[in-house]
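In this document, chain identifiers A, B, C, D, E and F correspond to the written order of the chains, with residue numbering beginning at 1 in each.
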Amino acid sequence: MFYHQKKLQYFKPPQKPDAVYAMKIQELIGGTFGEMTVMMQYLFQGWNCRGPAKYRDMLLDIGTEEIGHIEMLATMIAHLLDKAPVKVQEEGAKDAVVGAVMGGTNPREMIMAAAMNPQHAIVSGLGAMPADSVGFPWNGRFIVASGNLMADFRSNLHAETQGRLQAVRMYEMSDDPGVKDTLSFMIARDTMHQNQWEAAIEDLQQSGLESTPVPSSFPLELEKREVAYQFWNHSDGNESAEGRWAKGRSMDGKGEFQYIEHPQPLGPEPQPPQPDPKLHGTPQHRQTDGNGSSAPPLVDRINIRS
Amino acid sequence: MFYHQKKLQYFKPPQKPDAVYAMKIQELIGGTFGEMTVMMQYLFQGWNCRGPAKYRDMLLDIGTEEIGHIEMLATMIAHLLDKAPVKVQEEGAKDAVVGAVMGGTNPREMIMAAAMNPQHAIVSGLGAMPADSVGFPWNGRFIVASGNLMADFRSNLHAETQGRLQAVRMYEMSDDPGVKDTLSFMIARDTMHQNQWEAAIEDLQQSGLESTPVPSSFPLELEKREVAYQFWNHSDGNESAEGRWAKGRSMDGKGEFQYIEHPQPLGPEPQPPQPDPKLHGTPQHRQTDGNGSSAPPLVDRINIRS
Amino acid sequence: MFYHQKKLQYFKPPQKPDAVYAMKIQELIGGTFGEMTVMMQYLFQGWNCRGPAKYRDMLLDIGTEEIGHIEMLATMIAHLLDKAPVKVQEEGAKDAVVGAVMGGTNPREMIMAAAMNPQHAIVSGLGAMPADSVGFPWNGRFIVASGNLMADFRSNLHAETQGRLQAVRMYEMSDDPGVKDTLSFMIARDTMHQNQWEAAIEDLQQSGLESTPVPSSFPLELEKREVAYQFWNHSDGNESAEGRWAKGRSMDGKGEFQYIEHPQPLGPEPQPPQPDPKLHGTPQHRQTDGNGSSAPPLVDRINIRS
Amino acid sequence: MFYHQKKLQYFKPPQKPDAVYAMKIQELIGGTFGEMTVMMQYLFQGWNCRGPAKYRDMLLDIGTEEIGHIEMLATMIAHLLDKAPVKVQEEGAKDAVVGAVMGGTNPREMIMAAAMNPQHAIVSGLGAMPADSVGFPWNGRFIVASGNLMADFRSNLHAETQGRLQAVRMYEMSDDPGVKDTLSFMIARDTMHQNQWEAAIEDLQQSGLESTPVPSSFPLELEKREVAYQFWNHSDGNESAEGRWAKGRSMDGKGEFQYIEHPQPLGPEPQPPQPDPKLHGTPQHRQTDGNGSSAPPLVDRINIRS
Amino acid sequence: MFYHQKKLQYFKPPQKPDAVYAMKIQELIGGTFGEMTVMMQYLFQGWNCRGPAKYRDMLLDIGTEEIGHIEMLATMIAHLLDKAPVKVQEEGAKDAVVGAVMGGTNPREMIMAAAMNPQHAIVSGLGAMPADSVGFPWNGRFIVASGNLMADFRSNLHAETQGRLQAVRMYEMSDDPGVKDTLSFMIARDTMHQNQWEAAIEDLQQSGLESTPVPSSFPLELEKREVAYQFWNHSDGNESAEGRWAKGRSMDGKGEFQYIEHPQPLGPEPQPPQPDPKLHGTPQHRQTDGNGSSAPPLVDRINIRS
Amino acid sequence: MFYHQKKLQYFKPPQKPDAVYAMKIQELIGGTFGEMTVMMQYLFQGWNCRGPAKYRDMLLDIGTEEIGHIEMLATMIAHLLDKAPVKVQEEGAKDAVVGAVMGGTNPREMIMAAAMNPQHAIVSGLGAMPADSVGFPWNGRFIVASGNLMADFRSNLHAETQGRLQAVRMYEMSDDPGVKDTLSFMIARDTMHQNQWEAAIEDLQQSGLESTPVPSSFPLELEKREVAYQFWNHSDGNESAEGRWAKGRSMDGKGEFQYIEHPQPLGPEPQPPQPDPKLHGTPQHRQTDGNGSSAPPLVDRINIRS
C-alpha cells in the first residue's frame, strides 16, 4: 500500500516558460528510459521478487522514490507551458523593420507555437503527458522484470546509465537556472542509482546466487562449450581483434577467448518442409491435377481426408 | 554492404512438429530480447559509432552474426509448424473410449490447433513472423543506440543476459532433441556475448574514455553531490539497510554510501500556474463575468488581446 | 513524494494455481481499464490540476490507492502461476484408459501449458506483467488528463464503470474462493469509486465551474446553435425516434431536441486543391509538356521557381 | 450496409493554407477522441448491441454520421496543405534587411516547412492521415464497446466531452474564418451529442435495465459492502474531506459516504511462492548441490521428474 | 455523408458457436489486411484523391461497401461467441471413464474456454473487436493513401490478394456451413476486387497519368541510370540468375536487365563526424584537458562559446 | 549466415548539416515503406520460401542488399546531424537590426533546434534511429510474408512503388548536392526493384504456380461466382461507371464485369444472440426476478447450474 506526501522531493521552478523545452523534457518522463520506466520496472521487480528480503525491500524503496520523480517533472512541465502561445500568428503589416520580417509577431513565440508538442495544448491543457519527446506513449514493453535478479540488476544499471546520459543532455540543452538546478538533483540521484546497481550486482554475486554467465543455475555442460568463447569476425577487416574480447581469459574465468578470423557456417542449407495445401502457399513444384488448370480442386479431396 | 551465405551458422531440425512451441519460440525472434533486437541494436550502434575503430568493427561483426540467428530460428519455426493441424475438430461419435472423450480426434492436435498462434496459419502460411510469443510485433523502441559506448555496452550486457535466460527457459520447455541441440548452440553464443560485453566494458574503462557515473565527461560538480550517494528508504521496514548499497565506499570510489532511514522532502508543494482561459481548463476560482453565466464570452475579448 | 507500506490493502491468496486465469486477470492490471490506467490517470490529473485544492488532493488520494491495487493483483498472479506446468507434454503409451487419450498426462495441465500466456514463463519468470489479457502492453494513450475537471471526472466515472464490469466478469469466471474474496474487495472499491465520481461531478457542477455542454466557458453563440439539438437519423428505420434524445427539453436545459428523419447534407461536394507537382501525386489532368513523355522534366523548372 | 452521398454534411474551406494547423487538426481525426474513435466506437457498439432496438438504431445513426465528420476534416486538411512549402530554404544573400535575417525566404514559410508533419509531404502527398497531431496512428484500443450499455453510454458521454473540449481548443488556435465556421458546426454537434448521451443514460436508467453501481445485475451482497462507501485519504493533508464524496448519502442511494482519514492496510505482507527452478529465477536461498558450483545440474534431475 | 441500411450485404449464421474460431476470424476484421484496412484505405484514398472523378467515385464506392463487410463479420462473431463457456472448469470426480480424464467436463468446452480470446469475455461482452486474431489492435499505419494513384492501386491489388488468401485459409479452417457460406460470398467479392484493381491499373496506365517506374513524373535522367536495371547477387549461389528479372528487356521497356554476379561496393567507408561534446557521446580519441580527469569540465567552457 | 563489407554500396556525404532534413529522411529508414521494411520483408519471405530455389535465392539477394541501404541512410543522418544546434537560444539584446528580430541568434539555427527530432539529441546522440519521420518506431506489422509468392510479389511491387515515390519526394525537398546524389542512386535501385517484381510476377505466372484470383489453388466453384465480377455503386453519382472495372471482360479472363447501379442488400437484419447473464451485458428485455430489484441475484443460481 502507498501513501502520498504533498511536498516534492526536490524542486526549483523554471524562470521562464519554454514550450519547446517542455516537449523535449517529456523524454525524461515517458521515454524508454524515463521515470515511468524506472518506477514501473523497480515496482514490478519488487512485487515479483522471490529472492532475499533485502532485495525486495530495496527494489520497492527505489521504485517508490521514482514515482516522486515523475511528479517533479510533471510540475516542471506545467511551469514550462505556462502562457505558452498556442496560436501561430499571421503575418501583419510590412511597414516596419520587424514587421517586414515577422509581421509584428515575436519570432520566438511563433517558432514555439509551431514546434511545440500540439497535444500539450489540445489534449492535456498544458500538463505533462505519459509520452516521450516525440509524443509516443510510454508502454509496458519498456520495462524488464524477469524473476532473475542478476538479469534485472544489469538491466537496472543500464537504465540508470541511459537515464543519466539523457538528463545530462537535457541539462546541456537549457539555459534556465531553475531547470538546471532541478536537473542537477536528478542527475545526482542517477549517480547514486548507478552506484546502487553496481553494488547490488556485487552483493548478489557474493551471495552465490548468480554469476556470469547468467542464469548460472543452468549447467554449462548443456551448452555447446566449443563455441562459448569464440569471437566470430563477420566483417572484412580485423580491427576487432584488438579488443579485450578477442584474446585472454574469458571474464567468467571459465574459458579462453578465441578470435575466429574467417568464420564458416557449421550448419546445412535450410530445407523448410513443403507447405500444407490447405494454406495455399506456393510449393516447390506445381501440383498437377490432370486438367491443366492452375486452380486444382485440392480442397475437396483434402477435406475428405482431414 | 552485406553478403549472404546459404548455409546456416548451426542447425539441427526438430524431430516433431509442435505448433504451440513454435508460437512460444517466437519470443526469441521478435521479443524484447529476441534476435531482432540484438541484431538491430548492434548494427545501429555500429553505424552510429564515432569511437575507436575496434569498437565499430566489433559491433558490426556481432550485429552481422545476429542476422544469421534470426535465420536459424525462422528455419526451426518452419519445421515446427510442418503439417500443423489448423482446424479445431468437431466432436464425433461417442461410442468408443477415445471417442467418448474427444470424438475421435487426437486430443493433442485439438489443443495444438486451438492454442497455436492463429497468425502462423492465417497470415504467414506456417512461417516465422517478426513478433513475440503473444504475437506483438517487434518494434524499434526495443533497441538502444545512444552514442555513448559505455551506456550501450551496459545495455548489450543486459540484453544478452535476458536473452540467455529466455533461451534457457525455452530449452527447459522442450523435450525435442533437435530443438535442444540448436538451442544449446545459441545458449553458448550468449555465454560468449555476456563475456564479450563484460570485456568491452573493461576495455573501454581502461581506455579512459568512460567510467562510472556515465557519462563521465559531465563534471561532477554540476550535480547536487550531497544526494549522490544516499539511499532513501521509502518503505516501512529496513531490510534494505543490509545491502552493499547502504554503506561503505561507493562503487565509483568517489563517495560514501549513506542510508537515509526516514527520508523527508526537500522541495515545496507544487504550484502549477493557472490555466490559459483559451484552453478552457478548470481554474482555481470561477471567473465571474458579471452576468452569472457559466459560459462567459472570454474568447472574443481574449482574441483581441492576443 | 511517496511512501510504501509493506502490507497489502487487502488480500486472500488463491487456493490453487491456474495459469490460464493468471493470463486473463492481467486485463485488470494492464488492460485499457486496468489498475495501471486508473492509477496513472488520477496521478496525472492530480499533478496537472489547477482547480480547487480539494480536487487535487482527492485525485492524489485515489491515485495513490490504485498503486496498491496493482500490487494486490501482482501478488495474486504470482500465486496463480506457482508451479505452472510450462511444458506441453508429449503423448505417452496408449495402453491405459487415460493413457489412450492423453498419454499419461493430466489433461488440464496440458491445456494450461498450451494456453497460458507464454511470456509468464519465458519473460517474467512467473510474475505479473504490465500488459493485458492478450499480452498487449499497457500504454500512455490509455489515460486521460485534459486539464478540464468535468471532462476528466466523466472519464473517471466511465473508467470505474468499465473497471467494475470487468472485475465482475472475472469474478464470474472463477471458482476459487481466494480469488473471489479478493475480487469482492476490489469490486466494492469500484462501487465507491463510481459513487465518488458521480459525487465529484455534482460537486463541480454546484461550484459553478463547469456544466453541460463542456467546456462551459466557451460562449454558446460561437457554435452553430441551429444544429445543437438535432438528432440526425442516418439509417433506415426510425426506432431511434423513441428515445429521450429525440424529443423534449435538452438535458442542458438550453434547447429542445429535434428528430431529423431524413437528414440532408448542408455542405458542398469536396474540391481538394490540385497536387503540388513536386510531390508527384496524380492530378486531375495529365500535364502535357510538348514531348509526349509520361515523365516530363517538371522538377528542374520547378526548382528554378521555388 | 452503407451508402455514400457525395456532398459533405457541412463545410467552409479555409481561407489560407497553414501546414502547421493541418498537423494539429489531425488530433480531431485520429487522436484518442478524434472522429475515428467515435465513429468506430458507435458502430461497434451498435453491431454488438443486444439491448432494445431503439438503442441499436440510435448507435448506428450516430456512428454513420461520424464517418462523414472524418470526411469533412479530411477535406479541410487537403485545403490547409495546399501549396505547403515542403523545403526548408537555405539562407541566401545578406545584403538586404530581410535578407539579413532570413536570406530572402519568407520566415513563416520556413517555419511551416520545418515544423509541419513531415508525413503530410512524404507519405500522404498532402492528404489527411489516420493519425493524431504528433503522427501517432489511431488504434483499436481507443474504442470501448463492452456489451453493457450503461458502461458504454458513460464512455460516449466522456468521449464527446473530451471531443468538444479539443474542438474548442482548435477553434481558439485559429484565426481563419473558414476553419472557425466549420469547427463551429462540429462543436454544435458535440453539444448535441453530450446532450444525447445524458439523455440515453436517463432513458436506460428509467427502463430499469441499468443503474449505479454498474453492472447493476451483479448482486451487491457479493461485494465487500463494508468498504463500498469509504473514501481513503492516502495523502497527507485532508482537503479531500471537503467534497461531496466524503460525507452524506452515496449517489446510488444505497449507502453513506465515510472519510477514512488514516487508512491502514487490511491485508498481509505478500508471500509470493518460490520460483520453479526450471525457470531459473532467483530464489530466497541458494540451492546447495554438494559441489559448491553456482551452476548446479538441476535440470537433468528435474527433467526426470517432470 | 453516409447512410446506413439495416440489412446486411450478405449473411448466413454459423450453425454452432465456436469461441476459438471467433478469435481467429478477428484477423479478417482488424488484421493488417482485414476489412478495417480496406475500408479505411479506400475512404482515405477517395477523400484525398485529386485525380479524375471516376477514380474518386470508385474509391468511395468500394470503401463504403467495405464498412458493411466489417458489419457482416461482427455479426458472425456475435453468433460464434453465443453461450461461449467462459470458465475453465475444475476437474471433478475420477470415477467414470470420462471423469477420469476430464472430471466430467466437456473437453472441447474446456479447451475453448482456455484458448479463446479472453477479451471477448472480459472486455467486449461477446462482441467483435477492432483487433486481429492475436488481439493486437488495428492501427492507422496499416493503410496506404499516398496521393499517387498508381502507387495506391498497386497497394490495393496487394491488399485484396492478401485478403482473399486469408479468407480462403479461414474457409479451410472451418466445417461450419454457415461460416463457409458467408465466407464464400466474401471470397467472391475479393475476386472482383483483385480484378477491379488490375483493371484500374490498366485504366490509369492508358490515361497516360502513370507508368513504371512510379512516379513516372520524375525525370529518369535524375536517377543513376547505370544501376537502374542491374540485379545484384548478394548471396553465394546463383539460382537467382534463372529468373525473368536477370536478363532481357526490362518490364518498363526502358532498359536491359543485367546480372551482377559479384557485386562490389561503389562507396567509401563511412566516416561519421565526431560527436558534439555537449551530447557526451564517445569520441574517437580521449579529450585531454591537462588534468588527467576522465570527466573534464567541457560544459562550462562550451556554454560560454555557444 | 551473413558477412559485412566495410565499404558502402554507394554514398556521397551531404555538403551541410540539416537537422530538420535528418528528421524527415528517417522516413526512408524506419517508415512503413522504409529500408527496414523491405529488408525484413524480403529476408522473411526468403527464409519462409518453399517455392522454387530461384525465388528463394532472389529474395535473399535483394533482402541482403537492403541491409546496406539502411547503412547508407544511417551514415547520411550522422552527417546531417553534425554540429546540430540543440539548444533553442534565448533572445538577446535588441539594439541591432538582426538583434531586433532574433536576438543575435541565427534564425535558421533557432528553427532547426526547435523543429528537429528531439530524440536525435537526447536519445541517439546524433545518430539514426529505427523510427520514421515523426519518431514512430518501425514495427513488425509493416512487413508481409504470407507463404504465397504471388501475394508477396504484389506486396513487394507496391512497397517499391511507395518507396520510390517517397525517395523522389525527399529528393525534391533538398537542395544539397550530396543528398541528391545519394538519393539518385537509391531511386535508380527502386526503378530496378519495381521492374524486378513485375518480372517476378510474370515469371511466377508463366510457371503456372499462381494466377488471378490469388490464391489460384482455391477452386473457383467454392466462391459465390454470381457476385465475383460485379461492381457495386455504393455512392450517389455514377462516374465510377466510366472505368475499365465496370464493363468488359474481367482481367482474369474468367468473367464479365457488371455495374450494379443501385445495389441492394442480399442478407437479413442482424440478430445477435442474447447475452450470457454471467457477462452482465445489457439484454433486450429486463430480467424480472420477482422482487423488482434491478440487481437480481442471477449469479448464484447460474453458478449452481454451470
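Note that in this section contacts are C-beta pairs under 8 Å (C-beta built on N, C-alpha and C of every residue); 3 or more make two chains touch, one makes a residue touch a chain.
Being a predicted model, the structure only gives us computed values, none of them experimental.
Show me the overlap between the contact partners of chain D and those of chain F.
A, B, C, E
Rounded to the nearest 5 degrees, what angle rotates chain A onto chain E on CA?
Angle of rotation between the two copies: 180 degrees.
Calculate how many whole Å lie between the centre of chain C and the centre of chain D, each centre taken as the average of the chain's C-alpha atoms.
8
Just the number, please: Cα centre separation of chain B and chain E in whole Å.
24
Would you please write down the residue numbers of chain C that are in contact with two or more other chains?
1-9, 32, 47-48, 50, 53, 55, 60-61, 64-65, 71, 75, 78, 86-87, 97, 101-102, 107, 111, 114-115, 121, 123, 125-127, 131, 134-137, 139, 141, 146-148, 150, 165, 168-169, 172-173, 215, 218, 220, 222, 234-235, 237, 263, 265, 270, 272-273, 275, 278-281, 299 - these are the residues of chain C that touch more than one other chain.
Thinking of each chain as a vertex joined to the chains it touches, would you call that graph a line, ring, star, complete, or other?
Per interface graph, the chains form a complete graph.
Across the complex, what residues on chain C touch chain F?
Of all residues in chain C, those touching chain F are 165, 168-169, 172-173, 278-280, 299, 302.
Which of the residues in chain D come into contact with chain A in the complex?
Within the complex, chain D contacts chain A at residues 18, 20-21, 23-24, 27, 31-32, 97-98, 101-102, 107-108, 111-112, 114-115, 132-136, 166, 169-170, 172-175, 234-237, 263, 265, 270, 272-275, 277, 279-287, 294-300.
Going by the contact rule at the top, pick out the chain D residues touching chain F in the complex.
1-6, 47-53, 55, 86-88, 90-91, 97, 100-103, 107, 110-111, 114-115, 117-119, 121-123, 125, 131, 134-137, 146-150, 204, 207-211, 215-222
Which positions of chain B touch chain A when the two form their complex?
Residue positions touching the partner: 5-11, 13, 32, 53-58, 60-62, 64-65, 71-72, 75, 78-79, 82-84, 86-87, 121, 125-127, 136, 139, 141-142, 144, 146, 148, 150-151, 154-155, 157-158, 161-162, 164-165, 168, 171, 184-185, 187-192, 194-196, 198-200, 202-203, 206, 212-215, 218, 220, 222-235, 237-245, 250-252, 255, 257, 263, 265-273, 275-276, 278-281, 306.
Using the touch definition up top, name the residues of chain C that touch chain A in the complex.
1-9, 30, 36, 40, 43-44, 47-48, 50, 60-61, 63-65, 67-68, 70-71, 74-75, 78, 123-131, 137-141, 143, 145-148
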